[in-house]
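In order of appearance the chains are A, B and C, and numbering begins at 1 in each one.
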């Protein structure tokens, strides 16, 4: 006798399908909601002044965030210079030289570092840069963000270097290349699309960080000279303006939020496209 | 040292037994590589047992045997590629033109003893840069010299006419057979004295295989060839000498004709007549 | 040929050295430099622990472990107690997780088991973009959109129905534990979804096929076979998300109310460790003030390490099973 699937069971199946689907749609709609709101509130407040003028002193309306945009650029540049080389070379060590147990230890410590809340890293940067110097600076901000870039740099590098087939290494060494030469002239070029994409995602993540900058780079109403002065950055400006009483500042916060989010999402999407178009061995 | 040897009408018979005394392996210009009592260990496991043989210059020597018999392991000993693996140990005597291979600078060894792998492994570079890689890595960067060497190697690898107009294209654009010929050209560019090939045609179709066998036949004048193959007919076609490996031991090595038509050992006979493997 | 001799002689003489060939001696340098970078990471982590520890000493010497249980927070009177902040951190994180976990796991199930692959990939891509949105942007949305919306649409019915329970007492001004909890849940959900989805997808197809072949529906297969298989991994993802929620700073700071008092009601304003540091560290004067904030940072640090370690254990167990 054929047993037909009971009506109840079929109902439960469809119900659960619908329920879980609704949950998903709900979550995804948040993204569109955020984007939509930023578009409406933020894009509309965007004007040429935003990109070219300095903030006005409190009480006055108008002005822009030119210094914060450049400031974010400077801090991120410093962060990349500090964090990426260390992370990248450590990743090379893990992928090409390390023994199993040492690699396990390092990966554990790197994951630990990755889990440290960004504000705690900010405190450490304060302790080692701001306090000895007795003032806030771009350097301090860059140090904090640089430390945050290390774990992802290590993980990405190790993962994508390991994905390069061993075949390639042997081919180079069989021609008389040393291990170092093989790594730098064959293995790394083979992994380049994954490495680039990983570094872009790393940068995008750190570009939106606010907390560690609050007491390292602090902020600046004017242009910041050199690397040892406090500096305005986009995320910190957003925060400061959002909690300020003036409505005009709120508008500017939205505008800045729009610019920041657009940049972050653009970098993300580009990075993922690079992976999708790159060699198959580099795809997860 | 790099000038091709003249073929001699009489050749010493290659060694056919293990445990030959070292003093019989004096430097003989007819014997490119001589191995005596090679033992090889992966950790605790002994993969090669007392291998002794001679590789004659400007001839094709083939290693045959069932999977896992150690022929590839021994091949990789000859250019010290096994050293890139962890926890390995090699014992015994290996001489290249009378020089102790194990005490030479390893990158020197690998330049003089080239290798082509089972699965073609072109670098993610242009065709030209692939072939030029070995030269550049070994210190030759003068443009005219490199360009001439690249062309010569590609001609030896029977690939020149197919790629001469697209040298700047990525190597990945080539077909499987072409890629393998590219790898051969790349290996030849540094003018190796010995060329080791580890089942180079196993991933290729019959036509590509034929092209490679033809070019191997041509290039034995400029280098000595050692080829590992699981295809007995290929060994019969190509090789002047054939060695039969079984379970990490060299059972027999002799003129290819003798191995296939009149083998000395029962195991060899069983293998070449298809009774196992 | 001329060049043939040149190559042969050059290679056997080894006197000519190009740039790349000079890397020959570079094997040692390469090894040492990369090793140095690896070790420096160990040193950096050590430095973090060291700095947190050393700079907490003043507070520890003054208050001992009582600091963690005291709720007296009056910087002007040099009185410091961490309890309101620990309480707030836990409450907001807990709230966030309660809302995010069912939603996140349900969505992960949909993406992994129910949805057609193409749809699943697109939706996953969008959700991963959500995870990339900076915290301060969530804070913006929180202050200007979420909080007013909660005040108008959520709290009145909530208080009407449950106002007598201590959890929902009092006047709601907007900035509160509840608001922070909701914002946190929105931030943490994408993370739960992407990790849980990967864990679910790692369950071998054979398991599903065995159930389906016996006539089970898709949901029954998911509930009875796939989820149990993936449960440890999903627990791992929950712990990872919890660790994130605990350390989340900006979005919480902007909507929690910044009030260093312990309140039972979720509608009351509160504070969290990360929020108080964000708000008060830059202007904190006096060794004890700064050191108290740093001591709390140390507590937060320790908390996240422990939770991450637990998460790793869960995840490693899953990997052992899955393989």
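Please note the rule applied: a residue touches a chain if its C-beta (ideal position, glycine included) is under 8 Å from a C-beta of that chain, and two chains touch if they have at least 3 such contacts.
Owing to the predicted nature of the structure, the values given are computational and were not obtained by experimental measurement.
When chain centres are set by their Cα atoms, the one at the greatest distance from chain A is B.
Put simply, the chain closest to the centre of the protein, by Cα centroids, is A. Once the centre of each chain is set as its mean CA position, chain A and chain C turn out to be 14 Å apart. If each chain is reduced to the centroid of its CA atoms, chain A and chain B end up 49 Å from each other.
Chain B and chain C have Cα centroids lying 55 Å from one another. Annotation for chain A: residues touching 2 or more other chains are 178, 181, 185. Within chain B, the positions touching two or more other chains are listed as 107-108, 111, 137-138, 190. The set of chain C residues touching two or more other chains comprises 20-21, 24. Residues of chain A touching chain B in their complex: 165, 167-178, 181, 185-186, 189-190, 279.
Those residues of chain C that touch chain A in the shared complex are 20-21, 23-24, 26-27, 29-31, 33-35, 37-38, 40-42, 44-45, 47-48, 51-52, 55, 102-104, 106-107, 109-111, 114-115, 123, 125-127, 129-130, 132-141, 143-145, 186, 189-190, 193, 215, 217-220, 222-223, 243, 246-250, 253-254, 274, 277-278, 281-282, 293-294, 297, 300-301, 304-305, 308, 312. The residues of chain B lying in touch with chain A in their complex are 79, 81, 84, 107-108, 110-111, 114-115, 117, 119, 121-125, 133-134, 137-138, 172, 183, 186-187, 190. Residues 3, 5, 9-10, 12-13, 16-17, 19-21, 23-24, 26-28, 30-31, 33-34, 37-38, 41, 85-87, 89-90, 92-94, 96-98, 106, 108-113, 115-121, 123-124, 126-128, 147, 150, 154, 178-181, 183-185, 201, 204-205, 207-211, 214-215, 218, 235, 238-239, 242-243, 250, 253-254, 257, 260-261, 264-265, 268-269, 272 of chain A are the ones touching chain C in the complex.
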